[in-house]
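Below you'll find the structure I mean.
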Amino acid sequence: MISKGIILEQYKEPALSRDLRQFTNAATVDSTFNGPLVEDVQSLTGEDIIEIARKAEIVDERDGVLLYEKLRTVKKGSITAVVADAIDDEPYISSQLNPLLQLKEDAIGGLKLAAKVLGVSSTYVAVYKNLIDLEMKIPTSVLNVPVKRIRGKYPVEFRIAESFNKEKGVLLIGVCALIHLCRAVRENRIATTCFITVAGNCVGNPANIEVSIGMTVTQILEHCGLIDDPTRVLVGGPMTGIAVKNTDQTIITTTTRAILAYKDDEKEFHYSCVGCGKCVQVCPEMLTPYMIYHLTEKKQMFRLSLYDPQQCIGCGTCSYVCPSRLDVSGAVKRAKQYVRAERQGGADR
Amino acid sequence: MKLKRVRRYRYATRYIRPILGNNVVLSAGLALPFVIGASTSMNNALALTIAIGIVNIPTMIFASLLGKKIPQWLRLPCYVLLASALVVVSRFAVSWIAPNIFDSLGIYLTLLAVNTILLVRGKQVIPQYNFYRAALDGVVTTVSFGIVMFVVSLCRELVGNNTLWGDAINFPIKLPGALLPAFGFILVGLLAAWAKFFRRLVIRYNLRKDNPPRTAAKLPEGEVE
Amino acid sequence: MKLKASYAPHIRYSENAQTLMDDTVIVLAVLYVMAFFYYGVVALHAGLVSILTCYLADCICTKLRGQKINFRDHSAIVTGMILPLLMPAGIHMVAIISAGLFAIVIAKQVFGGVGQNIFNPAAAGFAFTALCFPGQMFSYPMPFDRLPILTETASKLVRGPAYALKFGSIPTNDLVDMLLGNFAGPMGATNILVILACLLFLIFRKTVRWQLPVSFLGTAALYAFFFPRISLSPLQSVAYELMSGMVLFVGVFVITDPVTSPKRDSSKLLYGIVAGLMAMLFRQYGGFEDSSIFAVLLMNAFAPLIDLISEYIHKAVRKGGRAV
């Protein structure tokens, strides 16, 4: 099957090979929840672990779901493997891979606890394969847990199930959530920090940092040092992130993965659609962004239901390859909202 | 725009609006085959205009007088019968223009019996008119058809054949492809767009006259917008 | 910090609309070099006039439509370069200018400008001029005849090998000569080897998808193989059919216009197959000696329909995939 998507240049160095730094404020350093410390980790049952995860308020950083809900709503017998998700398929971001390699015991400890909750025995760690410009070697197993390299072009996150076709079903849990789980079980710590990458060509010291949730973007950028005035500051990855206009009022949340600061002087040209069809060739869901864009721009929404815009996963690949630099993925998002609202019979859009 | 001005305009031009304001060919799209296919020379244009005048005006008078009395399903066939008779008359009327006019007109002269100006307007509009109004309507639609016909055939004959009324003229460009019906379609399309543009220009001028643009209020000194 | 807001994704592929067209401009410039080698300065002069006409007409019409002129838009230049390569060298300027004006003003700007045209502008311009001057468009001078630019001289004009094929006789050109382009034909369409090299370049640069030219030329070759017009071996028939006239040029440059062809790869295959069949049928039974360009115009009208049908098919495939 010819895979759809694009190959991106991953500028993950030097942040990937550096050590994990800390930047926490005093209120979050030693916050623990009430309850006795656990002496024997092996004697905990699955229900105990889920209860600890609930008290520690751990959130999975890829989809924003609370960890205890994720563990609790898994049907018995439907999965046979638990995978620690260290896939960073967007450029510049290594906020899952770096903590995995630096805090190995915490990550694998959390993975084993999750395996115990779900009652499965096979555990994996998933790492993206197409990392071309690395200075370090990704090991083939981390503390006896095999590392599975996921092949594919961007976006790869939602196609992981194809790589694990030997298993009946897998559950993906982010590495940072597993680290927090291990800390919660060991020291009763509430998850008040998150791991982010700070990178970009305006940042003096690109690195992965563990920061407290709620810090502003300005504080973090000053901590890392800016060597130049950026023209764009992004929260999130370069493909799916949000551009920030006011860095003093933008704070870190649990699902933030990176802060990027760029300086580029690209002149803005307003082209119109050339009709090249590249967006149709790269869409991983086999949609037709070309037609959806045209129908949305001309406000002919009644013809949209044929083109299925609600299937869009928001990867941004169509806008990436557009030679006219159009905002195709934004138009598809608007079409998605329209079709969803129509299907639910809602009158407000 | 002020409603009074619109009403006054509509009342004043109620008879002659089909000529330029709501051209029969360009805005309503009636009688297109003649403008597209048969407008390759000025002789043709003149012949067809005269012929359509001869066919339309008496039929419209007939429609206004007796239209209401004929049952609905029989109206159009009666008009077509009368128009066919008049086509025979028009053949004699146009034969003085050029000796071989019927060769170049071909079937278009016979097609006048069912031209859509008669069918559409005769069915919807004419039975309510009185005698004078119907005659005026026939004249006005003929004139509007004639204007478009002359413009199109002037372009096509000059560019395609380098002749004017049959006499050769020294024109630098000669494109025989302009005599093809495809080029006629393109020309009519461009003219229809131009007519619409012209109408919008008039509307915008009137709109501007009633609503002059307001100047921005002056900001106090030292304040940046 | 003065920050600007932008939409996700914030990095973009390095290729933009200008480089898309520039690939084709480079490849056509190579063909102009070959035409200069065979026919002299006349080729360059025709190309220059055509490019200027198309570019100016494009800019003026964009301004008339009320849009901002985009000076980096090279699609008009591509159209301007394709047009003289389909015509014989030394054709008078009226033909080239009228072809350029018709192509840009009526086949492209009237429909909405860049990216909105239904018909290929180069094909439409050539079709109009072929209908205007049917005798002159298909009489070619011999190569290595140095024709003067602006004066009218009587040079020896011959008919190309496609004319011979139409009447069932075998063209009298040597095969190696035909491969190198040393025979009478349209200015840019005779250099077979160079056009094949250009095709490989365009496919590897991903400017055109391989499905379109390969299916078009493959269908034409299969048709020539199974229904030869001349009584030689089928392979020689394929060689003569593909190398005479402008089928190869059309298959590489005219039908691969991304705006007017369907957008999905499977639709492009179907489109190429039907267009190849139509082109060979037009060549055999059509009015001119090589009417394959009219086949392209015909298929352009069907491209949105093929797109719509493939949308229905893909919707069923998506639903089936989800159900499984």
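Here the chain labels run A, B and C in written order, and each chain numbers its own residues starting at 1.
Basically, a residue touches a chain if its C-beta (ideal position, glycine included) is under 8 Å from a C-beta of that chain, and two chains touch if they have at least 3 such contacts.
Given the structure is predicted, the values throughout are model-derived calculations rather than measurements.
Asker: How would one label the connectivity among the chains shown: line, ring, star, complete, or other?
Answerer: Looks like a simple chain-to-chain line, open at both ends.
Asker: Out of every possible chain pairing, which has the most C-beta contacts?
Answerer: Chains joined by the most C-beta contact pairs: A-C.
Asker: Can you work out the whole-Å distance between the CA centroids of chain A and chain B?
Answerer: Roughly 66 Å separates the two chain centres.
Asker: Which integer distance in Å separates the CA centroid of chain B from that of chain C?
Answerer: A distance of 40 Å separates the two centres.
Asker: Averaging over Cα atoms per chain, report the distance between chain A and chain C in Å.
Answerer: Chain A and chain C have C-alpha centres separated by 46 Å.
Asker: Would you mind writing out the residues of chain C in touch with chain A in their complex?
Answerer: 1-13, 15-17, 19-20, 68, 70, 72-73, 75, 113-116, 209, 258-260, 263-265, 307, 311-312, 314-315, 317-318
Asker: What residues on chain A touch chain C, complex-wise?
Answerer: Listed in rising order, the residues of chain A that touch chain C are 6, 8, 91, 229-234, 236, 238-247, 260, 262, 269-277, 280-281, 285-286, 288, 290-291, 306-308, 311, 316-317, 319-325, 327, 329-330.
Asker: Under the definition above, what is the set of chain C residues touching chain B in their complex?
Answerer: Of all residues in chain C, those touching chain B are 94, 98, 106, 110, 128-129, 131-133.
Asker: In the complex formed with chain C, which residues of chain B make contact?
Answerer: 173-178, 180, 186, 189-190
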